[in-house]
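A, B and C are the chain letters, set down in written order, and residue numbers restart from 1 in every chain.
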Amino acid sequence: MLEQIEGSAAVARTVARCRPEVVAAYPISPQTHIVEGLSDLVRTGELEPCEYMMVESEFAAMSACIGASAAGARAYTATASQGLLYMAEALFNASGLGFPIVMTLANRAIGAPINIWNDHSDSMSQRDSGWIQLYAETNQEAVDLHLQAFKLAERVSLPVMVCMDGFILTHAYEEVDLPAQEQVDEFLPTYEPRQVLDPAEPVTIGAMVGPEAFSEVKYLMHAKQMQALDEIPSIASEFSDRFGRDSGGLVRPYRTDDAETIVVALGSVLGTIEDVVDELRAGGARIGALGVKCFRPYPLDEVREALGGAERVVVIEKAFAVGAGGIVGQNVRLALSGLPPRVHDVVAGLGGRPITRQSLLGLFDDVLADRLEPRQLHFLDLNRELVERELERMQKGRRPGPHAENILRDLGVVAAGSH
Amino acid sequence: MFQVRIHGRGGQGVVTAAELLSVAAFVEGRHAQAFPTFGSERTGAPVVSFCRIDDEAIRAREPIAEPDALIVQDPTLLHQVDLFAGLDADGYILINSGRSFDELELGELREGRRRERLLTVPATEFAREHLGRPVPNAALLGGFAALSGLISIDSVAKAIRERFAGRVGEGNVAAARAAFGYVRAEIGEPARA
Amino acid sequence: MPEQQVKFFQTGSFAVGNRLLDPEQRSVQARMERSNSLTCGHRACQGCGEALGARFALDAAMRATDGNLIAANATGCLEVFSTPYPESSWQLPWIHSLFGNAPAVASGVAAALRAKGRTDVRVVGQAGDGGTVDIGFACLSGMFERGDDVLFICYDNEAYMNTGVQRSAATPPAARTANTKPLGDQPGNVFGQGKNVPLIALAHELPYVATATVAELRDLEAKVERAMDFHGPRYIHIFVPCPLGWGSASRDTVRIARLVKETGLFPVFEAEHGEVVGVSKIRRRVPVEEYLKLQRRYAHLFRPRRRDDVIARLQAIADRNVERFGLLTDPDQAAAMPGEATDLAGLEAGADEPPERAAEETNLMRLLSETHGSPR
């Protein structure tokens, strides 16, 4: 049913309809409305049977999910940023043991400096944790991906994180078609665990594995993620048949057929990018966009196919590998190795800095005019003057002080908001 | 597409205002998107929220830099923050105040703009009267409905009732209608935005 | 007819495997139908107190739950020696996740069982002192506070044994570990505040808290079974000597556990809902030195020169426990403290039992019926 609803609320209601049996909740901005929503649904009995555990940390949240999943329950949690890092050890544990836990990640920047706004540094920091990573462009897609995530996780026995941009999606009110309980039940069967702690048939889970077998066990994780490359489109297709709309999948091209320039991005920024593509197309530019919906496993073939015919590719990403370059950019270059397109890595939107139509127009203008050096990592809207000044300060003076405070002072930002 | 930017301080329902506006548009079968900027949650800090309304699906995600309308819930922000950035000559301004534009020292702002689109409305007073609390957002939405014709007052009422039950809902609706009536009396019926 | 005096060492005691006891009162280990949850073949050291304690505790829990038990185990010695790939000695459903999350994992298991209406299946969480007192502490306290239906057992061998005997918050003052060596002015571990998790568990007002040692195994079993009478979070802290880490003879494990109680250094008690309801009295008080001498981790208190200052401080700790917990039936016992006849030779592995031991054990047994305060 179509509703004008907050993203978090939509996710909470949808997750509830997926019938999780254990929800572990620890609050962190900007995910709080999701766990609050689920608490209400459990209390009113709308979601039952479900144990709602108010754990003492994110580490405990993921650990409780591990225990619950091991005991055969469908388990769910949500987090962001620092919380994801705090459960990092448990993330690897969950994927290593093959538990089909689903988690919403409300993408938020990782500190220091502390920052509560959106970027992808959190999910990117855990891209190798063995978790499947799906990225939602809209709140509708966020809702749809949760359904697909539970099904996918339980099919391949791997945990899945559904990434949705913090604040930008979680706190946005927009129309969402919420799937009805019957529809969900038809799409998502009861969880049949592949391994379960059961006194009737005792098993040992989590034993040490030495050099004799570790490689094989790890390889299996990789093999399962590779298998997911087939499952994801299959499930998306099944979803489309049942619900009548396209959501998820591996990649989604937008006007790329004859495009000379293709912009690659993940998450909500694709909306703004699509608007700009339309604007430029109207002006005669042959430009398109490619949304990467599934980042792990990495859809190498699909990316290669979508981008292979372009002259240039502009990757816009909300995170980067410090000291090394782009992350999505690296993966795109890998997909395109041996093929002609020039790849530009652009980092934008860090710590919640808005990616505006204006900036994108300027960027694409530079790209099309070949003003952007392809081998350099480019930071969109970077205030170079601020940076130069701080670098200069570092050289002089005995005790230049913390970077962040110096830069903020230079900027003259009043703590109470700068609008 | 019509873009509304709402300014106020934490605790005045700025975020809710944008959400309710989006629901009102949704009720009328249009597409709408509402979202806030965020600081840490604390009362009194300047807050901005945004609402886009369109007949097509809305894809843009950036904050509204070029609003078609501004709603200012707290006049103490007027000379502290640049509230009017990006507003074009045809833009609407609705300010929560019992004083006039001139009295608020905004006379200059009116130059080159359409006078019937710039208004103050004593929304906090309406709220106090009908709701018993000085939360002006619902009243401002009612006033805005009258000012812009963007959404109907009935849609605003529906959106309010969906969010707030019982007496609180009714109080907010009453405040909205009162402000609607006030603005109507000031400028007559507007051309639909 | 000439009289033959027969000395029964075990009559009236609760020593393990006592065939003279009523069958219902016999140890779980004495029964044919014991579950052997931790079965043989594990790789624990000879004389491992933790293996001993775990075997007794889990089989008791299995008996109390009719075999409907799931265990969540933290990383540590127990986890490592019990699951040497590709083997496992566990005969119950068992999961090892991480070092610091055993209480949270156990909570998750309990939540799942509850969601599924499987109220018949119970959960045990277990860890060494590291996984309970240090890295697992936040999760432990969280589990306590939420009221999750988990029995958590800490096998306390007073250091991070699995990784090579490093100090934990449970390491007693003056003890040598790999990073609290007897170098510098302060030999061994510092005299800090310590972290008394049983008392912290008491402060959490749990339905049931108990301490136990592997010297009184029947008592340990009884406590585990008693714990299973309750629902909600329960905590049992078991003192388990580690011959390798402590530098003690592998045959002295039970003896050392007995001594830690008889000195007063480790109060053995039971508590329900935040109140102590029972204390295992000291049968025959012993000065701390008798306990310390059996462990090379305290050797620096005796060689090259005696550190009477340090020993006195340890004695003071014992004295405080005795008073605080009322560990003596007869307060005058505090004054007279007959020493167990040991000497430094006893520290060497393979030394023979001193001949005086047999007579003393008889004395010990005689005193049992007079002074044993445990309600079992």
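Quick note on the criterion: contacts are C-beta pairs under 8 Å (C-beta built on N, C-alpha and C of every residue); 3 or more make two chains touch, one makes a residue touch a chain.
Because the structure is predicted, anything quoted here is derived from the model rather than measured.
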| item | value |
| --- | --- |
| Comparison of A-C and A-B by number of C-beta pairs in contact, larger one | A-C |
| Centre-most chain, if every chain is reduced to its averaged C-alpha atoms | A |
| Centre-of-Cα separation between subunit C and subunit B, whole angstrom | 68 |
| Separation of mean Cα positions, subunit C and subunit A [Å, integer] | 47 |
| Chain centre separation in whole Å, for subunit B relative to subunit A (CA means) | 34 |
| Subunit A - residues contacting subunit C, complex | 21-22, 24, 49-51, 53-57, 59-60, 63-73, 75, 89-90, 93, 97, 197-199, 201-210, 212-213 |
| Footprint of subunit B on subunit A - complex, ascending | 4, 6, 29-30, 116-117, 165, 167-168, 171-175, 268-272, 274-275, 354-358, 416-419 |
| Subunit B residues touching subunit A - in the complex, by the definition given at the top | 7, 18-19, 22-23, 26-27, 31-40, 45-48, 58-63, 65, 81-83 |
| Parts of subunit C lying in touch with subunit A, wherever the complex brings them together | 67-70, 72-73, 79-80, 83-86, 88, 90-98, 100-101, 104-117, 121, 138-139, 141-142, 145-146, 148 |
